[in-house]
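Next come two complexes built around subunit A: one with subunit B, the other with subunit C.
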Partner chain A sequence: MVEINDLSFGYTRKENLYQQFSIYFKSGQIYGLLGQNGSGKSTLMKIIAGLIYPDSGNCVVDGIDSKERNYNYLHNLYIIPEEFDLPDMTIASYVRIYAPFYDAFSKDQFATYLKEFDISPEEKLHKLSYGNKKKVLLSFGLATNVRVLLLDEPTNGLDIPSKKTLRQLIAAAATPERCFIISTHQVHDLENLLDHLVVISKNKLLLNESISTIAQKISFVPFSSRPAENETLYYEKSFTGHIGIVANKSNEEGKINLEVLFNGIIAQQAKFNQLFKPNN
Partner chain B sequence: MKSFSSQIQSFSFHRVISLILEYYHRDKKTLLISAIALYLFLFCSLLLFKRYGESDKENDILQYALQVGCIYLISSILSVHYFCTLRLKPGNISALSLPCNAIERLLSAVIVTMIAFPVAYSLIYVASYFSTLPFFSSYTLRFYNFDPIGIGWISIIGTFIGTPVLFLWGGLFFKRSPWIKTILASILYSGINTAITAAVFYVIDPTWDSFKFLLVPKEAAYQNGEIASIFNSPFYIVWSIVLLTCMLLASYHLLKEKEVK
Partner chain C sequence: MDFRETQAIYLQIVEWICEQIILEVWHSGDKIPSVRELAVELEVNPNTIARTYEQLQSMDLVVNKRGIGLFVADHSKDKATKYLKKQFIEKNLPQMFNYIKLLDISMEELNELYHTFTNKQQKR
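And then the complex of A and B:
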């Protein structure tokens, strides 16, 4: 569905954010895109959305190169950026003007999503708070029914009930034809929603595995005291003592602690690389 | 070329209309306030011209200057800001990811700046003219079909088309202060045009007088239509069309290559 081949890109000539970077996002999956600040998550999303062109390599969505950036490329793709600006009009006007650009846009779905977020379609966009504007944009994005939905920090600015609503809406909107790519630092917000985890660091793909595979290979164990170095792949302090990541010997899928996993991958890249090698 | 043909294949006039509506609704308040301000400005100007104009001839020239001046000024501002959402963060992500082709975006700009604006402007001008009638019933409406300074009205239309083409390009090319920078570019553009005209002149009359004539045209030259004959010569018209087409192609390329960085 989304194919990135040998991508090289840098904002300056001296420093390349991506060098020969390749990844494939398939349909029917909800991807979590994790990385530290400045690791290139938003840049990757902009490249997929055709907002930035690669210096070399390419990004292909459904067989169309992002460099084309024509209607055929864009009409099946919607990006909800972290920073956005909405025009000075009512929500109803916004839909009337922008919905015609998306063939599969559903006004009924949009109304339902707005209702779920407790927002009236008669409200004026510029009078809404950042969080409520984001809810409108999320509702619109989901209602476009595009095949590729890119969400950059979607839970930023949302209140706690809205985060739950968003999780429910995304889960309900996910179909085998659609692909959701969600970039976030708030991993707890989307913990039970993701099907696949991608962790990137500048130019490196640190992890690209399904949640199921991850759960089969590792488990999270609480320790009352500090564990020995060879006892875990990674450990860190928790409220009750320590929590460690260990190789899963039972093959039973346990619950994944995304925050600990992310910290572990960043701190112990070699160990996790070894564990998640294709033939391991 | 492949990219251009794919844009043509997926072209939809319906989306062009949607883009125009999107532009109108986004800037509705500014456009309406500007229209009211323009109406008041034209109304006051026409009143002052009639009150203080020494002769009908002088009044004609003032009306002409008002029309051309306003068209140039407003058209340039409108055109240079047409694609401002693509230039300004953070709205540029939503604007640039809107599903449409670069050619559709450009056509929507061409329709707004070269068709809708002159029509709207003419209506406002006529409305402000009629508003002055209760004060001066003998006031003669001078419109585009007159040419008091003898430039030739085909060239005037050329200016009305040339201004948006130039400023649309400027709005896309310059990231900061695009209006000022485009003015400077237009001086260069005029220089090139003058040079070409001078070259044509020189072919016809290879003396120093031809250049002098172009730089400081005598009033008689306007009166007897010599200036009009230059600006309306086939070569000048063809050259203008070529130049404007090149600028439109450059704008298309800039739209196509626009990035969010």
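And then the complex of A and C:
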């Protein structure tokens, strides 16, 4: 559904953030896009959204190149950036102006979502806090019913009950026709919603695997004392001792500890690369 | 629902549904919630619930009536009990035995504790 082919991009001529980078996102999946600060997550999302253009290579959504930047490309895609500016107007005016860009926008859904987030449509956007603005944008984005929804740090600024609401709204909105790409540092906020993990680090694709394949290949085990050399792929200190990542020798899938997995992949790139290589 | 750290979520939901059946919240013959309904309730990916339902179908706990939906199968309580018992004996009991051995708790003491526990539950 979203195809990135041989992408090269840099904000300056000296430094390329992406070089010959390719990845494919399928429909019917919720992708978790993880990476350290400055690893290029937001840039990748902006490229998919057509907000910035590749220096070379391309990004194709449903057969249309992002460079076309036409109606067919844009009406089926929505991005909720981490940083945003909203115009000085009421929520109702905002919807009147911006909703017509999206064919499948549902005013009923938008009203329901706002209500779930406990926000009145009469409110003025400039008077809202960052978190409440975010809730308006999330409600708007979900109500567009676009096929590609890009969420950059969607739980940032949300209070505890709204994170629960967001999880429920995403669970209700994820259909086989749609593709969600969610970047997040708050791994626990949305972990049970993800189908697939993508870990990037400045042009390198450190992991691109479904949650179930990951769980078939590795498991997370507690150690009461420090694990021996070669006993684990990676380990770190935990509350009760140590937690390590080991090869999963059983036929059963366990639960993935995203935080430990992320740290492991960053620290032991070669080992994880070997393990998750295609055909392995 | 709070998910534990160790087991895949779709399997934890299988166990949760077995508990619902044993506790007679879900009965044989009941239509079960749609994939999306349960995904929203438990705040998980709908594909996870789809996997849970596949697993339940393969365990004959849930049957697919073509065109109408999924229903809790006949004799579901027996089947759910058998499944959870097997899980408990294989996964939880060894851990408990480890502690019982470590702390040197006698079977008599355990028996007494168990009686106190069940009495308390009955009074509720």
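In this section, the second predicted complex is superposed on the first by the 280 of 280 C-alpha atoms of A that agree within 3 Å, B and C clash if a C-alpha of one lies under 4 Å from a C-alpha of the other, contacts with A are read in each partner's own complex, and residues count from 1 in each chain.
We take it that contacts are C-beta pairs under 8 Å (C-beta built on N, C-alpha and C of every residue); 3 or more make two chains touch, one makes a residue touch a chain.
Model, not experiment: these values are computed from the prediction.
Student: Counting residues of subunit A touched by each partner, does subunit B or subunit C come out ahead?
Tutor: When the residues of subunit A touched by each partner are counted, B comes out ahead.
Student: If we overlay the two complexes on their shared chain A, which of subunit B and subunit C does A:253 touch? Say first, second, both or neither.
Tutor: second
Student: For A:193 in the superposed arrangement: first (subunit B), second (subunit C), both or neither?
Tutor: Touch status of A:193: second partner only.
Student: Does subunit B (first) or subunit C (second) touch A:174, or do both, or does neither?
Tutor: second
Student: Go through the superposed model and pick first if A:52 touches only subunit B, second if only subunit C, both, or neither.
Tutor: A:52 sits against subunit B, while subunit C stays out of touch.
Student: Quick check on the output: what are the common subunit A residues between the subunit B footprint and the subunit C footprint?
Tutor: Touching subunit B in the first complex and subunit C in the second, no residue of subunit A appears in both lists.
Student: Note which residues of subunit A are touching subunit C in the complex, please.
Tutor: Interface residues on the subunit A side: 28-30, 164, 167-168, 171-172, 174-175, 192-195, 212, 215, 220, 252-255, 257.
Student: Any idea which subunit B residues touch subunit A in the complex?
Tutor: Interface residues on the subunit B side: 3, 6-7, 10, 12, 14-15, 18, 21-22, 25-26, 28-29, 88-91, 93-94, 96-102, 104, 256-257, 259-261.
Student: Within the complex, which stretch of subunit C touches subunit A?
Tutor: Going by the criterion above, the answer is residues 3-12, 36, 39-40, 42-48, 51.
Student: Over in the complex, which subunit A residues touch subunit B? Could you list them?
Tutor: Touching subunit B: residues 11, 46, 49-53, 67-72, 74-75, 77-79, 81, 83-89, 93, 97-98, 100-102 of subunit A.
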